[in-house]
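Two complexes are shown next, each including chain A; its partner changes from chain B in the first to chain C in the second.
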Partner chain A sequence: MSPYLALLRARFRLLLHYRAAALAGIATQIGFGLILTSAFAAFYGSDQVSRQMLPLSLPNLMTYLWLGQALLGLLPWRMDGEVKAMVTSGGLAYELLRPVDLYGLWFSRAIALRTAPVLLRAIPLLILAGWLFGLSLPPSIEAAGLWTVGLAGAVALSAACTVLMSISLLWTLSGEGVQFAMPAFASFFSGHLLPLALFPDWAGRMIALLPFRGLMDTPHRLWIGTLEGAEAWGAIAHQWVWVALLVVVGRFLLSRGLTRVVIQGG
Partner chain B sequence: MPPRNPARQTKPVSHSDVGAFRLYVRYVAISWRAQLQYRASFLLQCLGTGMITAGEFLVIVALFGRFKTLDGWTLPEICVFYGTVNLAWSIAEALARGFDDFGSLVKSGDFDRILLRPRSTVLQVLGREFTLRRVGRFALGVMVLTWGWTDLELGWDGARLLLVGFAVAGGVALFIGLLVLQATLAFWTVESLEVMNILTYGGVTTTQYPITIYPSRLRHFFTAVIPLACVAYFPIVAVLGHPDPLGTAVVWQCLSPTVGFLFFGLSLLVWRMGVRHYSSTGS
Partner chain C sequence: MPQISVRHLAKAFRVTERSPGFWGTLRGLASRTTRTVRALDDVSFDLEHGELVGYIGPNGAGKSTTVKIMAGILVPDRGECVVNGRIPWKERAAHVAEIGVVFGQRTQLWWDLPVIESFELLRDIYRIPSTAYVRRRDELIAILRLEDLLDVPVRQLSLGQRMRCDLAAALLHAPTLLFLDEPTIGLDAPSKLSVREFIRRLNREQGVTVILTTHDMDDMEALCSRVMVIARGKLLSDGRLSDLRSRFGRERWLTIDLLNPDEPVRVEDFQARLVLRDGGRVRLAFDPDRVRPEQLIAALTARHAVNDLFVEHPPIEEIIAQIYQREGIAP
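Let's look at the complex of A and B:
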């Protein structure tokens, strides 16, 4: 296990260097959060009748939206730039020579890539949003505990998606197809653009089958406490079933891809 | 490219030979050819950005499915706001892409080369790229605007069409102004600043709804500081013939897109200041 942990640590230290970028990111996210929450609040304020029947109350919605801003970087927006550079430059040869499992290596990379920037941004953003902008704390210790479990699942899921994007490079080199489809799917079906509870009911049921809700909707709802008991564990199981599935598919594709890989450059 | 006949190049070409506009058209032609080199990747990028934009619009449709009304505004009315703003932004983004990632030019020191050429810096930076990849947002803007327009039965009313055109033009000017300001900042920071996204992307998100729905601070910011309301909300209220809850006069509503052009002019003045301040990174 240790080479993976060492890589994760090194990557983490590297990414934590960009503090100015993190500060700019926090300011940007707060700006967007203010715009988004105002627009949603306006919808909630304009139709009192529908509001009574909503599956998500306004204070819970505010918390949900701010959590989304804080954890924005958790979504698989981009593929791993370093892996991409390796595949296109031929550096992949070195990667193959290392006495470690390639999938595991790329997976630890992806975990560091997704969590380090989020860690830098999320904590100050959550504090600010809680203090000034209407984010509430989890209602109970139990909810907070479940949230951390759900967050771990979200990180694993996001990493699995990121590795899939990396693997697609073995076929396309530029990886552009997957690179552009993934953020569109992830932001729409995870509940990041619109909480899944506010989708039309039939659409919500179908979207719940997809892996993407595990990235945002599941941890957010664990935090606000609308997902509890058996239902909470069901959602967490959903996350890990998908992680397992994506890892199996990823491993299969990777071994297939490596049989036909061409080492580029020189 | 094969080398041209050297005899043709012996005559020095003075820069008055090619008009500024013709030069720009040539820049654009080169940029388009470059972008279409990788046909498949280009199509996929168009599809990807198109999907993200369509997702954003579906969110609005879904919200109206839940709530029926937004503070008294209906979905077709919102579509006219949404279409106008997104049209303006997509055109501005395509035209001023060279300003959008201007930071890379300062960082690499390549701006020096631009300064050496006997042409205006603005023309050259604009000519760096005319992006076609964001065509999805443009197409969606046209479709949404058309749908709202026909649903409200606004018809072929010359005055209304003129006003929407004026609003889009003013919006393009204003958004390009914002991108110019963002680029100007790079003279000081050497980076393209992510924070400016709050004004551009955030501005689009804000003004695709009528600004009456927002708390007054946000409304005032996008009216007085970044005058996006002047190219979106005010003219569109007049187009819709909707009484303005903010109580502005119709004359103001029809003339307000002018503010977009003023903002653009102002940004060019700031740009000139920035160019004078520029010192090369030397790399």
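Let's look at the complex of A and C:
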């Protein structure tokens, strides 16, 4: 097995052990989801709102919001705690002693970190939300297929962001600034807090340039089916262009960071 | 060609100094004072294949820095270092595939995984062909007596057990060069002995070059034919252990606990030198060539009522202090 795959698998299996955290996460996400969906339902039901003006139908919006809650863990919320502990304690020494590419190693870790908790939370949440809270299935096989492609892009994008956060540790050690900034940007500009379709046009156009919509908005709209055909592939291409860009930048920063890094401790 | 060639290696770290107190912290926001610590200052040496070299020095002397540079995980400021024909930090991945490293204070095993799964992960990471892996693994399990530990998660191992597993982990890919950074630190006596015995066999029977950093003089004595002494980033001495001992005295320390803590001891009568007197505890330094330990003990116990006694090597710091004096470096 390739070193990267072997490490990804080992890390993934370990992360699957955190079942209590997953249960707590599911409860929280259901709470948030109910608040969000009832607020939007009230807003949509108001007489002041002209239904034709709204870019997303209420059922589609419900699905969008519940997908966001189910896949919340995909967002680059936190940096890899293990990498952080390594950099601050000097365990980085052993990481550098592996005959593998460090960026590749951290990328595999990040993929495990982003997918394992989501897998634990998303499946029960999607079933519950589909059964009780108005999440609809993708309208066609094609939409479902495109969604899995978009999901893969979202995972890669999130992993690339996570690795960038890890790399920042080589400069700051605590990484707290990045740790606060990244989730704020990611949850706002990905459409997780407010679906991107509801932003004013001028803001929407700018946000569309950023990488973050690839994390949530793109896969959600692929599921709903409002993103189809050439537009769908354009959004998927947008994800991968950003992945490539973030990987190139990350690799450059990592090689710079490693020449200045001090392996802590004797 | 030597396996390791180090020339004029230098590395400095900048340490930020913080003034104490509230105002000191505020001042630190505006202007930071940094101090440069020379961890390595013009260090040169060669190492041949199959050598077993001890690398000693007090804390902060630059031992670990040297090891980390040779291992390819730290980049020096100046100087050259060639290991197995490569510059370690320039070709890190290829370099580390051929070396093994054990840091006594850390583990390279996965904390939550059973030992055997860590080994399998290492097989994948080092891309060891499966037949070679199985042969090597079984050999290491037999020599290091790991049979009963294989299914235990690493976090449940005792320090001595963990060290044996770490040694195996560092050798699965059959490196020709092994760096051991304080491998016996914190181990109990039987574990120390078994680790030492293993290192000796590895070096004698398989010709693995070993570089051992340690504080433990007994490790040195048991294993190393050659010893390099480093302090304050400079190599103070490089040669055979016997030369080092003959140059810096073959002193031993005898520590006794007197039954009566106020009893005076006339050290001159025993051809010894007083190192420490603390209540009933008396520590004498003596030269075993001039007065044999059993003679000294017999003479002492004949005159004084003794509760307890033991003989030991002076700690490395003591030898280094003597080297300092000899070389005229202010400590």
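Convention: the second predicted complex is superposed on the first by the 262 of 266 C-alpha atoms of A that agree within 3 Å, B and C clash if a C-alpha of one lies under 4 Å from a C-alpha of the other, contacts with A are read in each partner's own complex, and residues count from 1 in each chain.
By definition in this document, contacts are C-beta pairs under 8 Å (C-beta built on N, C-alpha and C of every residue); 3 or more make two chains touch, one makes a residue touch a chain.
The model shown is predicted, which means the values in this text are computed figures rather than measured ones.
If you put the two complexes together on chain A, you find that chain B and chain C both fit without a clash.
In the superposition on chain A, A:Ser2 makes contact with chain C only, while chain B stays out of contact range. Vectors from the Cα centre of chain A to those of chain B and chain C enclose 90° in the overlay, to the nearest 10. Once the two complexes are overlaid on the shared chain, A:Met206 sits clear of chain B and of chain C alike. Contacts of A:Ala10 after superposition: chain C is touched, whereas chain B is not reached.
Looking at the superposition, the partner that touches the larger set of chain A residues, chain B or chain C, turns out to be B. With both structures placed on the common chain, the touch criterion links A:Leu96 to chain C but leaves chain B unconnected.
In the superposed model, A:Ala85 lies in contact with neither chain B nor chain C. In the superposition on chain A, A:Val248 makes contact with neither chain B nor chain C. Minimum Cα separation between chain B and chain C in the superposed model: 7 Å.
Comparing the two interfaces of chain A, the one with chain B and the one with chain C have no residue in common.
Here chain B touches chain A in the complex through residues 38, 41, 44-45, 47-49, 51-52, 55-56, 58-59, 62-63, 65-72, 193-195, 197-198, 201-202, 205-206, 209, 213-215, 218, going by the rule given at the top. Within the complex, the chain A residues that touch chain C are 1-3, 5-7, 10, 14, 17, 90-94, 96-101, 258-259, 261-263, 265-266.
Per the touch definition, chain C reaches chain A in the complex via residues 13, 59-60, 63-64, 68, 71-75, 92-94, 96-97, 99, 101, 103, 105-106, 108, 110, 112-113, 117, 121, 124-127. Those residues of chain A that touch chain B in the shared complex are 21, 24-25, 27-28, 31-32, 34-36, 38-39, 42-47, 50, 54, 174, 176-177, 179-181, 183-184, 187-188, 193-194, 198-200, 203.
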